[in-house]
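In structure tokens below, several structures.
In the two assemblies presented below, chain A is common to both, partnered first by chain B and then by chain C.
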Partner chain A sequence: MFDATMMQAVILTLKLAGATTVLLLLVGTPLAWWLSRGRGILRDVAATLVSLPIVLPPTVLGFYLLLAMGPQSPLTALLGRSLAFSFEGLLLGSVIYSLPFVVNPIRNAFEAMGSRPMEVAATLRAHPLDAFVTVALPLASPGILTGAILGFAHTVGEFGVVLMIGGAIPGKTKVISITIFDYVETLDWARAHILAGGMLAFSFAVILAMTLIERRLSGARP
Partner chain B sequence: MTFHRLASLGAGPLLAALLLGTAASAAETTVAVAANFTAAAQEIGTAFEAETGHQVTFSFGSTGQLFTQISQGAPFDVFLAADQARPEKAGADGLADPATRFTYATGKLVLWSATPGLVDAGPEVLETGAVTHVAIANPSAAPYGAAAVEAIAALGMEEALAPKLVEGQSISQTYQFAVTGNAEAGFVALAQLAGQDDGSAWMVPEDLYAPIRQDAVLLSRGEGNEAAEAFLAFLKGPAAQEIIEEYGYGFGG
Partner chain C sequence: MIEARFSGRLGQFALDAAFRVPGKGITALFGPSGCGKTSVLRCVAGLSRLPGDLVVNGESWQSGRRFRPVHRRPLAYVFQEASLFPHLSVAGNLGYGRRRSRAGAERIAFDEVVGLLGIAPLLDRPVPRLSGGERQRVAIGRALLSQPELLLMDEPLSALDRISKDEILPYLERLHAGLSIPVLYVSHDMAEVERLADTLVLMEAGQVRAAGPLGEMLSDPALPLLHRPEPGAVLDGTIRCYGPHYGLSEVDIPGGRMLVPGELGPNGGRARLRIAARDVSLGRLPPDDTSILNALPARIIGGTPAGDNQMTVRLALGEAGEGTVILSRISRLSWDRLQLTPGETVITRIKAVALVDPLTLPR
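Take a look at the complex of A and B:
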């Protein structure tokens, strides 16, 4: 029953979620650091923008992304090709869609750490970047791990944005959620059950794992 | 003119009967409509409400999506599908009254592009580098998508177009992909192009795909609903027929 179509959708989804998570960690960690260091209107606006995808309907993101990827858009002119209906397009959409789920936990971890560890490192004449890598990152590692897991899981569960900008191309944009939608629309309950049940088990495992990891990490700290 | 004011004039019992009569005859119905028929249905709905005083609410989607909803007890009274298979199955599954099924329109498939001059001359341009994406409707849920796949096969372009195909979840999304230019061309319903001359179009020859006969049926939930039955009757009538033809459909089939 688990056929090549499903396998293709699963692999594609894992690829998309993996790439999104890596990109988000690279972009999100410095962003979270900056947001956590101080106050100001610029930071407030940036933090609000980061959190917007939590409340925005995916159709709103999908709509603007679709326009942004259109043939006449500046983005298309810049890249020399349209991102619509491509893996790269989904990647861009997913990075925006899952941004708060990665940035906010990391930012919280940096904020909880306070300014003291970095001050101590500075008095010991550590270079700021050195201090960031050897002091701040390890201290914030529970938050970074939470962010990575949430970002990955949230991208796996993405549906509305993909529906609007993906075009359901097998192996390129037809992720698990779209495949389930297809099965349901054609009354193929049996296949829908396999993928939907898998998603249910996956999501349960993710949340449970996160709870356990957080407990262990917070318990291990003095 | 309120009931109370007239009742105080001593015409109570008679007027009560009259008013109740009117209330009973102005009924409401909800109709599930295949996406290709969206604009035509809205126009027919307005004419229907003006003539009968009944109220009609439409719910649009791909035929497959609507059928799934109906099979799960969606509150629809009438089903206007884009094929014959699903209304027939609704009858067979006890979800509809099979005796009420009839073909209300026969749809036509068009290759359309937002770019003027691109597809006027025929589908060969789809195989060239000028076209990177061709939009079709999801063939398993949308009959126009199935017709597009059939036509592409008949044209012998399956292999060349396979990497270029993108699927809309209904024919509405397919048209949207083409209008925004995200797909350079798309196989859409002729009815969607009514009233606009932009872009370029190529009528897909009707011998390349099985006729898209679109059937309507009264769903079990609509049985005994005066407005639902009146809507189906209106759909068969000359006023609706005129609108259906204006949108480029064949009538009946």
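Take a look at the complex of A and C:
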């Protein structure tokens, strides 16, 4: 039953989620740090923009992304080609769509840390970047782990944005959620069951793992 | 020499503080809670920035628009709460500043600090499994190992209970004796200050009220310290010898010699003594028939009323008043009856002398 089409969808989904998570950690960690240090209207606006995908319908986000990837858009002009219906376009969409799920836990972890550890590091001659790597990152590691898991899981479960900007090109943009939708539409319920069940098990495992990790980490540190 | 001047607002709080203190020994920043002691310390560290100037032993750390960032100042800071890094072991915490110090040769050796603070048994322990006192000792060790040229301590004992305090104070005293780094020590506890400080910076409502040697500050009638309910004088003396037969030590103090109960330490060592004003009575005749051990001549500097019916008398020890200033609290009736006048030499009878510092400080 588990055929090449399904396999292709699973591999593509994992590739997309993995790449999205890596990008999100690279972009999201410094962004979370900046948001966690201090207040100001600029930061409030930025934090709101970051959190927007939580409430925005994916179709709305997808619609604007599609426009941004259109033939007349500055992005297309800059890249020399349109990102619509490509893996890279999907990656860009996923990064924006999952941004709050990565940034917010990391930001909370940085805020919970307070300013003292960084002050201590500075009085011990640590350059700010040095202190960030050797003190802030390790102290925020539970938040970073939570953010990575949430970002990955959320990207795996993405549907609306993919549909809007990616379509269903096998091997390029046809991820698991779209494949399930296809199976259901063509009344191939047996195959839909396999993928849907797999997603159910995956989601359960993710939430359970996070709960256990959080308990472990909070148990180790007062 | 440490010269500091900071002036500006930190949130709601207005600070306008300037002082100049010696670049060695322990200087206490003393004052009631909320007077700006910690703000001054943070400004010296560079953790807070206010307009001002700061010169530490000839090096300018802040001047006009120039502001040396915290990590480039050769200082160490011991916070009120130990603030150890929870993700590192005790050894990791101790090594953090040590690895980053610019000093080529280690002036403060690892073994020395570990021995001084008694933290050898803790080295492999994770931070969450340390007691409050142990944490603060590790924090002090971590600070010292960063090879500071100035040590800043912000009420390092105030978060601790009595037992942990008593556990750490001797280490601080040893530190004072064994290391030559200047220390700025924030405290609101006069007992701590009398025990540790050489110099006192008295703060009030964001300003420096006065600064100077501890002994002078304690006996200055213009300052509130003299008007405390239990004023006293602190004297640094040199141990001459110990007589085991009576269990008394002879201690030389500026302007006299005293007998102090107990074996205080090796001959030639230093001992800090405290004489409470109410333990000193005054008279004109030499006491030849008394149980009091210490009767020293002293010259009266002046008297200040203390409450309605008492006087606090300031006296300089010695026939000619050449020694340390001590205080005597007598009734106003005695002051009038004896017609004591400034400039006159009297005999002080000192009922009790307390050793402030149980550890003697080798010179």
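We adopt the following convention: the second predicted complex is superposed on the first by the 221 of 222 C-alpha atoms of A that agree within 3 Å, B and C clash if a C-alpha of one lies under 4 Å from a C-alpha of the other, contacts with A are read in each partner's own complex, and residues count from 1 in each chain.
In the analysis below, a residue touches a chain if its C-beta (ideal position, glycine included) is under 8 Å from a C-beta of that chain, and two chains touch if they have at least 3 such contacts.
Note that this is a predicted model, so its numbers are computed, not measured.
*Asks:* Using the overlay on chain A, decide if chain B and chain C clash or can fit next to each other.
*Replies:* Taken together on chain A, chain C would fit alongside chain B, as the superposition shows.
*Asks:* Considering only the touch criterion stated at the top, classify A:Glu119 as touching first (chain B), second (chain C), both, or neither.
*Replies:* A:Glu119: touches chain C, not chain B.
*Asks:* If you stack the two complexes on chain A, which partner ends up touching A:Pro138: first (chain B), second (chain C), both, or neither?
*Replies:* A:Pro138: touches chain C, not chain B.
*Asks:* Is A:Ile41 contacted by the first partner chain B, the second partner chain C, both or neither?
*Replies:* In the superposition, A:Ile41 contacts neither chain B nor chain C.
*Asks:* One more residue to check, A:Pro128. First (chain B), second (chain C), both or neither?
*Replies:* second
*Asks:* Taking the superposition as given, does A:Val55 touch the first partner, chain B, the second, chain C, both, or neither?
*Replies:* Once the two structures are laid over each other on A, A:Val55 reaches no partner at all.
*Asks:* Looking at A:Leu67 after the superposition, I want to know if it touches chain B, chain C, both of them or none. Which is it: first, second, both, neither?
*Replies:* first
*Asks:* Aligned on chain A, what is the least Cα gap between chain B and chain C? Give it in whole Å.
*Replies:* Superposed on chain A, the two chains' closest C-alpha atoms are separated by 51 Å.
*Asks:* Looking at chain A, which of its residues have contacts with both chain B and chain C?
*Replies:* none
*Asks:* Under the stated contact criterion, what part of chain A meets chain C in this complex?
*Replies:* 116-117, 119-128, 130-131, 134-135, 138-139, 141, 220-222
*Asks:* Which residues, counting only chain A, touch chain B once they are in their complex?
*Replies:* So the residues of chain A touching chain B come out as 66-67, 69-72, 82, 84-85, 163, 167-169, 173, 181-182, 184-187.
*Asks:* Show me the residue ranges of chain C that touch chain A in the complex, using the header's touch definition.
*Replies:* 45-47, 69-72, 75-77, 79, 81, 83, 85-87, 96-97, 100-102, 128, 142-143, 146, 152
*Asks:* Provide the residue numbers of chain B that touch chain A in the complex, in ascending order.
*Replies:* 62, 64-65, 67-68, 71, 132-133, 135, 138, 140-141, 165-169, 177, 180-183
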